[in-house]
Every structure is written in structure tokens, then in C-alpha cells.
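In what follows, chain A forms one complex with chain B and a second complex with chain C.
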Partner chain A sequence: MTGPARAEPPAGFTLAQYLICLRGITWREALRFVHQRERFVSALVRPLVWLFIFAAGFRQILGVSIIPPYETYVLYEVYVTPGLIAMIQLFNGMQSSLSMVYDREMGNMRMLLVSPFPRWFLLVAKLLASTAVSILQVAAFLVVAVLWGVELPPWAFVTVLPALILCGLMLGSLGMLLSSMIKQLENFAGVMNFVIFPMFFASSALYPLWLVQQSSPVVYFICRLNPFTYGIELIRFSLYGRFDPLALAVVVAATAVFMTGAIVAYDPARGLLVRRGGGPG
Partner chain B sequence: MTAAAIQALSVAGVSHAYGTRKALDDVSLTVGQGRFAALLGLNGAGKTTLLSLITRLFDTKSGSIAVLGHRIDRAPGQALRQLGVVFQARTLDLDLSVRDNLLFHAALHGIAGRAARDRTAAVLAGVDLADRARDKARNLSGGQMRRVEIARALLHQPRLLVLDEPTVGLDVASKLAIVAQVRTLVRDLGVAVLWTTHLLDEIEPSDDVAILHRGRLMAAGLVSDVVARTGTASLGSAFAALTGGARDVAA
Partner chain C sequence: MHATMKRILTAAAAAMLAGGPAHALTAYVTNERDNTISVVDLDAGKTVKTIDVGQRPRGIVLTKDEKFILVCASDDDTIQIIDRATLQIVGELPSGPDPETFALHDSGNPLYVSNENDNMVTVIDLPTRTVIAQIPTGVEPEGMAVSPDGKTIVNTSETTNMAHFIDYGTRAVVANVLVDARPRIAEFKHDGSELWVSSELGGTVSVIDPVRHVVTGKIHFDIQGLRGEAIQPVGIRFTKNDSTAFVALGPANRVAVIDTKTLKVEKYLLVGQRVWQMAFTPDEKYLIVTNGLSNDISMIDVGSLKVIRSIQVGRLPWGVAVAAQ
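On to the complex of A and B.
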């Protein structure tokens, strides 16, 4: 008999099914990360090079005065740690979002987008998944940093978690938005030069902003406009169980803007898939 | 057959342009439930564009597309649930095992746990690859990857399967195996198929065929009817007659 006797499934999905989908996307992201060993190693080595070498050289040159959230003079290694955490998340967010549009990954993106779940949910799930992976990287980095002698409060691992989730979502959705908007960024080197380096250097990652202000008001102004600065400050404060309302507000607002932009851009009516369209047949 | 009134796929008056280049011009076709329909056309005829519209990668700007009666623009979730897709490009995650690839797809359809494992085992058995479940996708041959992709497309039990030139780049033996396997599967499961190709030997006289040429639909219907209507002896010569002597389809 050929007649399909199946009943039509009910429209929509249950909450449990949404969670299954989210778990599946996260699981795959984690598996991919583990399988790509060189990505894991470079994600860990990159901030450690900064911590071991750059910070060692800089601590003699740069005196960091007492600024919140610090209550005493801190070593440069301690100052730079939140910036390096944010850098891990910046690289990861760009890498996982932009890798979606490279040819190698385009097929996987297509499979994701033909899922019957709402597209906004698929994209948010993808962002949550890449954020979870970035938090694993941060955890690994923090363990090494503490062993290296960076002093953090014992509960820092816990208090920093909400900040890491927010910051990861912000940077991931920025990457996703870029992946849909900028055609020229075909390879990762372009992203490094035009997005990652400017964002990283024009921020409070490597030096406190009051130092920047003394030497160049213009750069200071740029740093103040950079949402990455606020991601770093959110992480810096939460490592010490403190709370920076301005940083939180900026990060939440930036996340909302980037994420909305990415969802609009991946709407089938607009965005990258149409403009990339073509191909044979 | 009470459900026969609803077409598995209905494409009505669809046009699509990339900038000024018109890829599809007022294309209408239907695939009946449980039917095997071939979309025949040369490279650049608009086959992949049509499939991108059916799978909602692009928005349908003029005309409408419905899967089992669900409009792809108005009820995308319900339409996509009834749709299994095999893209022309390879879409398996090479770093993951065959099984993990399929379980990931199950999750994308809200299926997990025992149901997901059972269905994974069943669809892999259906394409004779049950013994490769734990292998990394990277270690499969081209033909095997394609069969896994077909199994994956059937995992959520869709009632329409669309395949975009699924035999491209395969050797003759794998090609024949895949054509035969899909025909058996769809007969057993009662799934409708839209199979795009430029190869005539993948099409049988009892199939439906739609001939696409430079974005326009030249003919559609039962293969034997299309041949009879053009007054030719075979689908090959019918295709040549309809497309103005474009004979580089492989006979």
C-alpha cells in the first residue's frame, strides 16, 4: 500500500521539544570544538601568551593605580585577566558565527535553517551553544591563570558566570550580524584586522581608561563607545562579586541590538542567503 | 485515497530573480502524494533556485509554494516538518560520527531519547549502512555519505523528499544504488519525491517529469504523456525538442 496513513503532527512544538533542539545544537557545538583539537589549543594558548609574556613585560612599565573594583594595588596580570577572558569570548564569538558562512560550514547552516523550529529560536540556540563553548574555554584559562599566580576571590568562578553568558551572547550575536552584513570578510584574517584587533585594543582590556584619557582623549572617546569595553568591565566587576550597572546596561542593550539585527538579517526575505544566492542551477 | 486531493508539493506561479538576472519565470508544478517526480533541466536552468525557495532559504517573492497544503511563507514550521531535504552540497558534519549526525538532525526536529535512537537505527538500516553508525562521516565514501544524507532526510518521517542532483560526482555503481534505494524507500514509505537531475537515465516512464529550461517550465506531466505530446520517441528527444536542441543531457 502506498497511501501514507500517518496523521498530521500538531502545529508547533512543546517546550520539551524546544529544549531538545537547544540541547542538540549545544551538544554538536561542543563536540565540534572538542574534535577540532587545534582550535581548542589555540583558544587556550592565545590568552596564555598574553598573560605569560605580555603581562610579564608590562608589569614593570605600567603601574596600575587603585580603581574600582580593586581595593588595593594589583599586579598587571590581575588587571589584564578580565580583558583576556573577554578576548577568548571575542575570538570564539567571531569564529563560531562567521564559520557558519564559510563554504565549509555553509551546508551545516543550511541544515540548521531547514529545521521546522522558528528561525529566531535556531539562531538564539546557536548563540547560546557558542557561548557555552566559550565559557568552557574561559574556565580552562582561569584554572591556568590561577595556577600561574593570578589572585582571584575563591567564588570568582561563580560570580563571573552571568557576566560571561551576557558577554558571550553579545559577541556571538555581533559575529552573526557581521556574517550576514559584510561580504568582504571572507576569511578570518580580515575579521582579525578589522574587527577583533580594533575592538580589543580600543578597550579597557590592556590598560585602564584613565591612562588612555591622559594620553589621547580621542582614543579614550572611542574606547568609551566600544561595547567590548563594557563587556570587559562587567566581567571585571563580577569576578569580585561587584556589579557595574552601566556596563550591564550597555551589554544588554548591545546584545539586544546585535541579536535583533542578526535575526532580521537571517530572515529569508533579506540578508545574506539572498545576496549570496545564485550558484549553478 | 482521501488525501490525494492535497498535493505533496504545489508550486504556483513562482518567479525569482538575482538582481536583474531572472532565474525562475512563472513556474507552476505539482507533485502528488507518493509520486516520484523528476525536475529535469540543464545546469543553470533554475533547479537549485527552485529548491532553495521550496526549502525557504530564500523568500518566495511572487507566487506561492505549499508542502502538503501548508504555505511555506505562512506556516513554515508545518511545511518544513513535512519536508526532507538532500542538498547538492555535502552537508554532513565530517568531524562527527554518522550516528551523531543523525541524532543532531533528530534534535533539530524535537526528537530525542529512545525515539531518536530507534529512528536513527531504522533509517540507517534502510540505506544498508547500519554497520557504519559509529564511523566518522569523514571516513565514508561519496556514495555512502549521500546515502546517510538520504537516511537523515527521512528521519523525521516527512511526506515529501526533495533531492538536488543527488548523484552528482558519484561513480556509476553508487549512482545506480542510490536511485534504486530511493525508489524502494519512497514506495515502501509512500513518500513523494522531487528529484532534480540532468540525467535522463534516472527517470522512468511511469514517473512524473517537469522540464525546466532557462527558468521557464517547458512541460510537466507523466513522462509518457510529455513524450507523446511532443510527438517524439523518447524523453531525450522530447527534451531536445522542448529546449531547442539542447542535447547535452546525458541520454
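On to the complex of A and C.
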């Protein structure tokens, strides 16, 4: 994937060359995704378990109040769908960075990092690739959800795309930032527990925030600080062709912070890898 | 030049007046606990005005010419007449004691009022505002229906669990049809071929042949994830061509859509809490339902069978009437 570019001087790549690099990285991510059929199945099964089993038990709970973007009462399975979409992207973002830890351990990352393309570009390309994979997973999930009886506007698949790209980038860059701090694969499992579960549960994924606020103002405050909440709300609004400016602002800002952090962390001169002396950077 | 200008302006003004002020589709909702009526602009999706009326307003209907709103003020033992233009109470009708609900004959007159505590039906002539007849019925009349030809009055009684068929001419009970526990609402099809009676406790709707006076079919409801007791059928509405029926299921928070030929439930639509009464918009594009416990009304798109919006009204909304203009 870096072959054609290697002969060139480090500066002044053409756009076509950038695209070749992007295609190579995306292709590798897609191949990895296709080859790991279990990963695809588990990416699909996880939200579906929530939808089929968890939501079934909560059917009677909701319909208590109407919150934007909904204009009438919705079933719990309709409410929880945006949260499950975001959950797919959260797991995918973390898994994709897990693969970076794996690559680093196995030495594959050297191949990528010795590429003469700027480091930031390699990381962004990797993020875009993992976001694309997550959107494929979301599409598969949405098809099953609609067949299951979750009612969405017909154009939801289109209007949700920009939100999926933004949310995917935010969660992917968060994963990347985390992966830069982890030396070994084993440590990553802990981070999964300390990041994925709190992020998912302390958000508006499972319950509307007004309900959380009623039971615990502290948890409500935490939910409000959680960027994942805004990712979910961005997806929720866009499914109905609506737009939540606050959610957009928070997601964009969080993406910028995480991505900058990841780029700095992976920077060979200043990065955390060097500081720790463990990384191959 | 000046004259031409004037003429153009006059013409423009005339054109604007001819078009008339475009009235929004308006719903009137009785709020049983607030003693008010909410005036809801259905196009904008919000309550635009609240009118104070008598105590415990329940049944509500518009006169045929849509000039007046008639409201049962149950605890004031009267029916109030509200002028739609001014939204002021302009008169009363001699309803008899505790009027709960009423039925207006398709022709616009007379009005049949059910008096729950006195076991009577009071028939009122609207133009003269006088009582034409008072007809004794079964014990505790609850729901009431008048056949399209005006010859038969049907009363449901929650004490006897029966639908009583009363001949309007002779004032005599001609038949008693046993239905399931606590019958609520009785509703004739527009062609008069069937009478449907909802049983709140029985959780069913009985289909009755009004000629032979027998139950010809029974509709049961089954909603995934809900226990049977939560399903309490109340309001019934038929589309004008009688092909589809809508049944409000009370605390099940659903409206059932029923194919009247097969008597099969086609769909359950999620609405607010304890859905009670319903009314079509005059063009039958929407069905408006009152949600008693969540203090709002839901708007159902009849074509796509989707609940498109819920709108906040007063406390304990009971009945609803929709004006075309």
C-alpha cells in the first residue's frame, strides 16, 4: 500500500497518491472485517440482543413523555435504536484501535508507520476506514431493526449518514487516543471495561435523560458530560431529518480534541510512544 | 392614474376577502378535571385557547352547521351551547340530570342525551331547544347510539351487561342483547347494518345484528407485552365507508385498527395514556383521540395508519369534536 509512494521525496505528494494510500488502508480494514466473520456477527448480535430481549421487557415503560425529536409516543425499541446504533460505532471504534495495539505487538504497524506519508494522514485514513466499516455494520443492524418492526421515516437511512460519519470519527479517534496509551493487548481489555461500559450506560442510550435526572441528579450530570450522549442525540435527531446544534457542536469539538490527541500521541517526535520508549514509532 | 391605482387596490382587497381567512383545522377537547375546553389548532399542533365551561365537561359535539359547540356539563346537569365565532357560552339545553354523552342525529337534529343517574334518554329538538321525549332505559345507561334511520335507540348498561334496543316510536324496549362485562360505547355502522358495543372489563367488542338482535361476532385484542386487564375497549369509530373501525383500548394506550369484514385487528397504534374518545376530521384524513391520563390528544394519519403527533391539552381530556372550517 505504501509501495508506489516510497520512491517519492517525502514532500509534495499528489492527491492521487494520497488517495492510493487511503484506498490501501481502507482496503486492509475492509479485508480484515470481511475475514473476521465472527466480528461482524458479534457486532450485529450485540445490539440485536438489546433490541430483541432488553427492549421487549421495557415495552410498557416508555410512552410516558414526549421528548424531541419525537412528536408522539414511541415504543421503547424505537427509543433505544439510536443508542444501539451508537453502541455499534463505539465497539467498532474501540475494536479498530484494539487492532492497532495488535498490529503494534505483531510488528505490522511498522509497515504503516514507515510510510512516507504524513503521520496525521495515515491516522485519519485509518479512522475513515474504520468509520466506513462501522457504517456497514449500522446499515445491517438497521435493516434487521426495521424488519423487527422499528418504525423509521423512509429517508432515515440517508439523513443519518452525516451523523454516523461524525460519530464514527469521534469514537474512532477516542479509541485511537486510548490505543496510543496502551502498551500491551492485555491492558486493552481493561480499558474496554473502563471506557465502553461507563460511556454506554451513562448516556441517553437506554433512558431519556429526564428519567435519569429524576432518579439521580449526579448520574444526570455525568450523562451530560459524556460526549457519547451527544453522539447518540445527533444520530437520533438525524434519523428524523432533524438537527440538534448542541449535539453537533459537542461531537465536532470532541472529535477535534481526540483526533489531535491521537495525532500528537502517535507523533514520533513528541508522542507518548517515544516517551514510554515502548512503541515502534 | 390615481383612479386606476385605487381600482387595483380595491380588487386586491376584494380578492383577499373572497379567499376568506384560512381557518385552520380545529379540534375542541373537553377537559373533565379542569372544567374547560381546549381549542387546538391541528395544523400548528398546539392548543391555542382554553374556554371555561360548566363542571365536569364530557360529551362534546358540533352542530351540523358548525356554528355551535354543544358540551355536556355533567355535574351542572346541563348542556352548554358555545358560539364558535366568539367562544362564549350563549345558552343551555334542557338535558335532564347528569348528562354524560349524547348523539346527534345524522341530519343534525334531534339530539339524544343519555342521563346516567336517572336511567333515561332525553331527546331534544335543537331549533326550539325543547325536550321532545324522555325515554326510560336500562339501569345506569352508559353508552348510547341511535340507528341511522332514527327508529332505534340503543343503550348499554353496565349493571345488566346488556345492550337495550328501544323502539323510538313506541318507546318500548324491544330486545336485550347480552354482551361482555361493563359495556361502554355503542356505535352503529353508517349503513346501519351492524351495531358494535365495547366491553371495558370484558376486553372485547361485540358485533350485533340490529335486526335479529344477536351477537354475530366478537373481537378480541392481544397486545404483545401487555397483560389482558390493561386492554379496556372504549371509543369506537367507523370510517364513512364502514370498511375500517378504530377502537380505543383505554389503559393499553393503543388504538386498534380493525378490518370490519374479517373482524381482524390489522394494527395497534401507540398513543397516550388511557385513550378514551375519538373523532375524525371532517375530511377523514386524521383521527383525533383523547388520552385521559397523559393530558394530551394524539393525531392519527388515517391513510398511513401512523400516529404523527401528540398535543398537550388540559387535565383529563374526555371528548373531542373537530370542525372543518
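Assorted remarks:
Methods note: the second predicted complex is superposed on the first by the 243 of 281 C-alpha atoms of A that agree within 3 Å, B and C clash if a C-alpha of one lies under 4 Å from a C-alpha of the other, contacts with A are read in each partner's own complex, and residues count from 1 in each chain.
Convention: a contact is a pair of C-beta atoms (placed from the backbone, for glycine too) under 8 Å apart; a residue touches a chain by one contact, two chains touch by 3 or more.
Fair warning: this is a prediction, and the values are worked out from it, not measured in the lab.
In the superposed model, A:18 lies in contact with chain B only, and not with chain C.
In the overlay built on the shared chain, the residue A:66 is in contact with chain C alone; chain B does not reach it. Residue contacts after overlaying the shared chain place A:245 against neither chain B nor chain C. In the superposition on chain A, A:151 makes contact with chain C only, while chain B stays out of contact range.
Shared contact residues of chain A, touching chain B in one structure and chain C in the other, are absent. Of all residues in chain A, those touching chain B in their complex are 1-4, 6, 8-9, 11-14, 16-18, 20-21, 23-25, 27-28, 31-32, 35-36, 106-108, 110-118, 122, 267-270, 273-274, 277-281.
Considering their complex, residues 1, 3, 18, 33-34, 41, 43-49, 52, 55-59, 61, 68, 75-81, 83, 85, 87-93, 95-96, 100, 103-112, 157, 159, 164-165, 187, 189-191, 196 of chain B touch chain A. Interface of chain A with chain C (complex): residues 56, 59-60, 63-64, 66, 71-75, 151.
Considering their complex, residues 45, 224-226, 253, 270-273, 294, 298-299, 306-310 of chain C touch chain A.
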